[in-house]
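Multiple structures are listed underneath, in structure tokens.
Each of the next two complexes has chain A plus one more chain, namely chain B in the first and chain C in the second.
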Partner chain A sequence: MSAPNQATAISQRSLSWRQFKAILRKDIVMELRTKEMITTMSIYSLLTMVIYQVALSQAGTGFDPRNIAAGLLWLAFVFTSMLGLNRSLVHEKDQGCLEALLLSPIDRPVIFFAKMVGNLIFLLIVQVLTIPVFGFLFLQQGSYAGELWMIPLVLLGGSLGIAGVGTLLATMSVNTKGKDFVLAVLFVPLMYPLLMACVSATTVAVLGGVDSEQQFWSAMGMIAIYDVVMIAAAYALYEFVIGA
Partner chain B sequence: MKLVKTGIVLLVIGGLLTTAAFVMAFTTAEVQRHSSTITLPEKPDTVFQAIAHTDDGFVYPRPWFSQKIFYFHVPVGLASFLVFGVAAFFSIRFLMTRRREYDTKSRIAMETTLIFVVLTMITGVLWTRAAWGVWWQWEPRLTTYFIMTLMIIAYFVLRNSIEDEERRAVYAAAYSCIAVVNAPISFAVTRLIPSASHPVVDEGAMAISNLIPFLVAIAGMLMVGFAIYVARMTEERLGERLAALKEKFESGS
Partner chain C sequence: MADNTCGSAVDVRGLTRTFGTRKALDDVSFQLEAGSFLSIFGPNGAGKTTLVKVLTTLMTPSKGKASVCGLDVVEDAVKLRERIGLISHNPLLYPDLSAEENLMFFAEMYCISKPTERVRELLTAVELDHRRMDLVRTFSRGMLQRLSIARSLLHRPDVLFLDEPYSGLDPHAVEIFDSLMKQIRQDHTFIMISHDLAKGLELCSHALILSRGKIVLSLPKEQIDENEFAATFRATVGTGVA
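After this line comes the complex of A and B, so read on.
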């Protein structure tokens, strides 16, 4: 009695997995062909660096940019990720891909996770490209007292949250009149707790300090809670949003 | 029509209670400190003049007047959290049932929340200036509340930029479901982070002369909030009926 049920359950799971891979592969192949998201986001983050230089140009010689490096870095990430998230959904909509996805017999959560992981990969690539440039331009003087192994963890946690919430909000904003403006208005307040924790953890990673480990892990705990709660909420709401 | 009467009655009672709370706040209420109540030897009644009063080493700049905002600010803030919760509840109901009335209810509750949030912000900023000497400080409660205000504004930005009615309702409901997570955080943040400089209301330690106007003001404010909600709801229903009648009339003639 239970054997066939189990068999269908297993095949259902492997089917979902294959669907997930197919959507993800589609996103990656499209990106490899057009190279649009990565290039726009990278150039945008480079431009942000130029603006930072202007903003910090009058700060004087006594000013140590390491103190605000984490904030500057995450500022660049927030703006580039908004650009990227908007793009990734605008493509889907303009080319009618979203409708095709909805027509195909794919579970809605699978679409959400595939889009989320796609966005996560692109965000991480851009971040990995941005960090050396940022370090090269702003952090050459002085040594790093902190522990740099912490940085990949923060990046992963932060990008996971950005990709999860961002995918939901971008799916909403792409269907509005004000597209990217609406995305910014919805995105920034929701991102606030995550950004706060990310900046705190990254600052610890750059500067070090007496109880840096403890401070780092408490910030990482906040990031983890945020990621779990927000991705669960986004996952639950995506079905409603994408069907409307 | 029954609802309208309830609304009017609530508005009148709520207004009376709030007024009574104000009168009490300025006449009978003692001056209070964070956790316990003290009575100042003299009654400084000059509006916003710096009176540094040192009683067991504690400096009170302008103690008398700025404290009165407590009986307005706290009930309004409390009401804003509650009405936000109600709006989110209706949003969830909407997503479950897909009935349009829940969307309308949620939107109107959100409008009421916006009114309360703006009032809380204004009174809070006034008090901050009087008590802390600055207009604004990036302190946990103020920050989370500011974020909440932005979210409520974002809710209306989102609504206004979608034309399709069904889609507008679903997206707004989904957003308010996520945004409401911030309300309990903002409410609890002064209790969770003890170092936060925003005072925590401790009803148990309040003197009776403080507690009575405080509770009366809360009751009055909640009634006024509900009356605003009822009034807007009635307006909405009448508007719908009018539109339906117009359509009927035009198609009939």
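After this line comes the complex of A and C, so read on.
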């Protein structure tokens, strides 16, 4: 690369970084002010945990809820994230601000990454609030047999995939009439491989056992591959999707 | 304010935009010199907003070419966005941010140097400096439109697109808006969509009527007889059917 081209590339990267920070800061400031996404998602997630507990309360003493706890946890996170993902783009669309954003000289993938990181932060906040309730309701019977350090890793890996794919799909669905329905129909099938890997890794983290570390890293490998492939695909498709 | 360095400000040749089988724009061609004010009239569905969307890079044309300030709307879209501004009937502002936060955000989007100074300068120009810390959701329609002007001028654009900017404004707000428009009139090229024939003709240097995606009349202001123009407007599009 010649010197002027290199300087232009560096300058473009610094401009994109400035725009990325501005969008992320704006989304966080607006969320802190309205608390719409975090409040709705947290209440929904906590209520789901309580409903699971009520549903399983008659399962009898021989039933160990830890065996299905990881699945229940990720189900709650997937449904909760759909609630939040839709709102993150609806804000832009309802006020026509998406148009103003698209009118500015910004590379479209910068919008994708800023929105994705915003969604990731909100999702992680909701998870941090939900996990203690989850532990209280489902991990009391018998001792916690797994490794505690595994939990944050699987939460981060899973949430990254949800935020990446979810941001792309939310952008696609925001222009459609039945956006909630469209998002759900596209989101759940695409989440399936990630959900399987996350449930597997979380089950290992909760139950422990022989070869638990090997099983955990195997599931984490699946999560990492899913995240890389899907985020790269979302990055490549975003310009087309947001301009459609 | 911006200097008009872009000779032919807008050059549209054979522009067509289709949605499925429907042609929203059908072989539209016109040129506009820098510093001109073009008013575009036509009924709902005539293709006015589609035309503005294509010229502002928010939509790609299906056929034909269009350039603004010498920059192609498809190939040079990112560069072009630095040279254009849009004032819409929708203010395109975040209601949960203050006036100053909104402008600072868009200043960052345009990577403006010394953004704080520029934002303060514009808030003063649109007489909203005293409300700069207030959330935009508390603003009246007129104040929103003034702030919208400030937003669109942040990056000193050469060409301003106005999409029914008077829609929903009360008479006092129209007066303030007009006065602001007069202040910036000399420094920009304007393309305005309007349903208000009198207002559109008052401001323009060139007028154009679109119907069913085609230009049915295009005249410089000196050749326009207002009564005749109104009659033509009613005859061609007055049924309200695009």
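Criterion: the second predicted complex is superposed on the first by the 243 of 244 C-alpha atoms of A that agree within 3 Å, B and C clash if a C-alpha of one lies under 4 Å from a C-alpha of the other, contacts with A are read in each partner's own complex, and residues count from 1 in each chain.
Heads up, the rule we're going with is that a contact is a pair of C-beta atoms (placed from the backbone, for glycine too) under 8 Å apart; a residue touches a chain by one contact, two chains touch by 3 or more.
Since this is a predicted model, take the numbers as computed values, not measurements.
Participant: With both structures lined up on chain A, is it a clash or a fit for chain B and chain C?
Facilitator: fit
Participant: For A:I106, select first, second, both or neither according to whether it touches chain B, chain C, the two together, or no partner.
Facilitator: The answer is second: A:I106 touches chain C but not chain B.
Participant: I'd like to know which partner A:L237 touches here: chain B for first, chain C for second, both or neither.
Facilitator: first
Participant: Looking at the overlay, does A:T34 come into contact with chain B only (first), chain C only (second), both, or neither?
Facilitator: A:T34 sits against chain C, while chain B stays out of touch.
Participant: Once the two complexes are overlaid, how big is the angle at chain A between chain B and chain C (Cα centres, nearest 10°)?
Facilitator: Superposed on A, the angle at chain A reads 90 degrees.
Participant: Once the shared chain is lined up, is A:M172 touching chain B (first), chain C (second), both, or neither of them?
Facilitator: First partner only, chain B.
Participant: Which of the two partners, first being chain B and second being chain C, lies in contact with A:V199: first, second, both, or neither?
Facilitator: In the superposition, A:V199 contacts neither chain B nor chain C.
Participant: So, A:A219: does it touch chain B (first), chain C (second), both, or neither?
Facilitator: neither
Participant: For A:L186, decide between first (touching chain B), second (touching chain C), both and neither.
Facilitator: first
Participant: Quick one: minimum Cα-Cα distance, chain B versus chain C, in the superposed arrangement, integer Å.
Facilitator: Superposed model gives a least chain B-chain C C-alpha distance of 5 Å.
Participant: Check chain A for residues that touch chain B in one structure and chain C in the other, and list them.
Facilitator: Looking at chain A, the two contact sets intersect at 243.
Participant: Mind listing the chain A positions that touch chain C in their complex?
Facilitator: Answer in residue numbers: 15, 18-19, 21-22, 26, 29-30, 33-34, 91, 95-97, 99-107, 243.
Participant: Hey, which residues of chain A end up touching chain B in the complex?
Facilitator: 165, 168, 172, 175-178, 181-182, 185-186, 188-190, 192-193, 229-230, 233-234, 237, 240-241, 243-244
Participant: Which bits of chain C are touching chain A when the two form their complex?
Facilitator: For chain C paired with chain A, touching residues are 56-60, 78-79, 81-82, 84-86, 88, 90-97, 101, 105-106, 108-111, 151.
Participant: Which residues of chain B touch chain A in their complex?
Facilitator: 95, 143, 147, 150-151, 153-154, 157-158, 161-164, 166-167, 170-171, 173-175, 177-179, 181-182, 185
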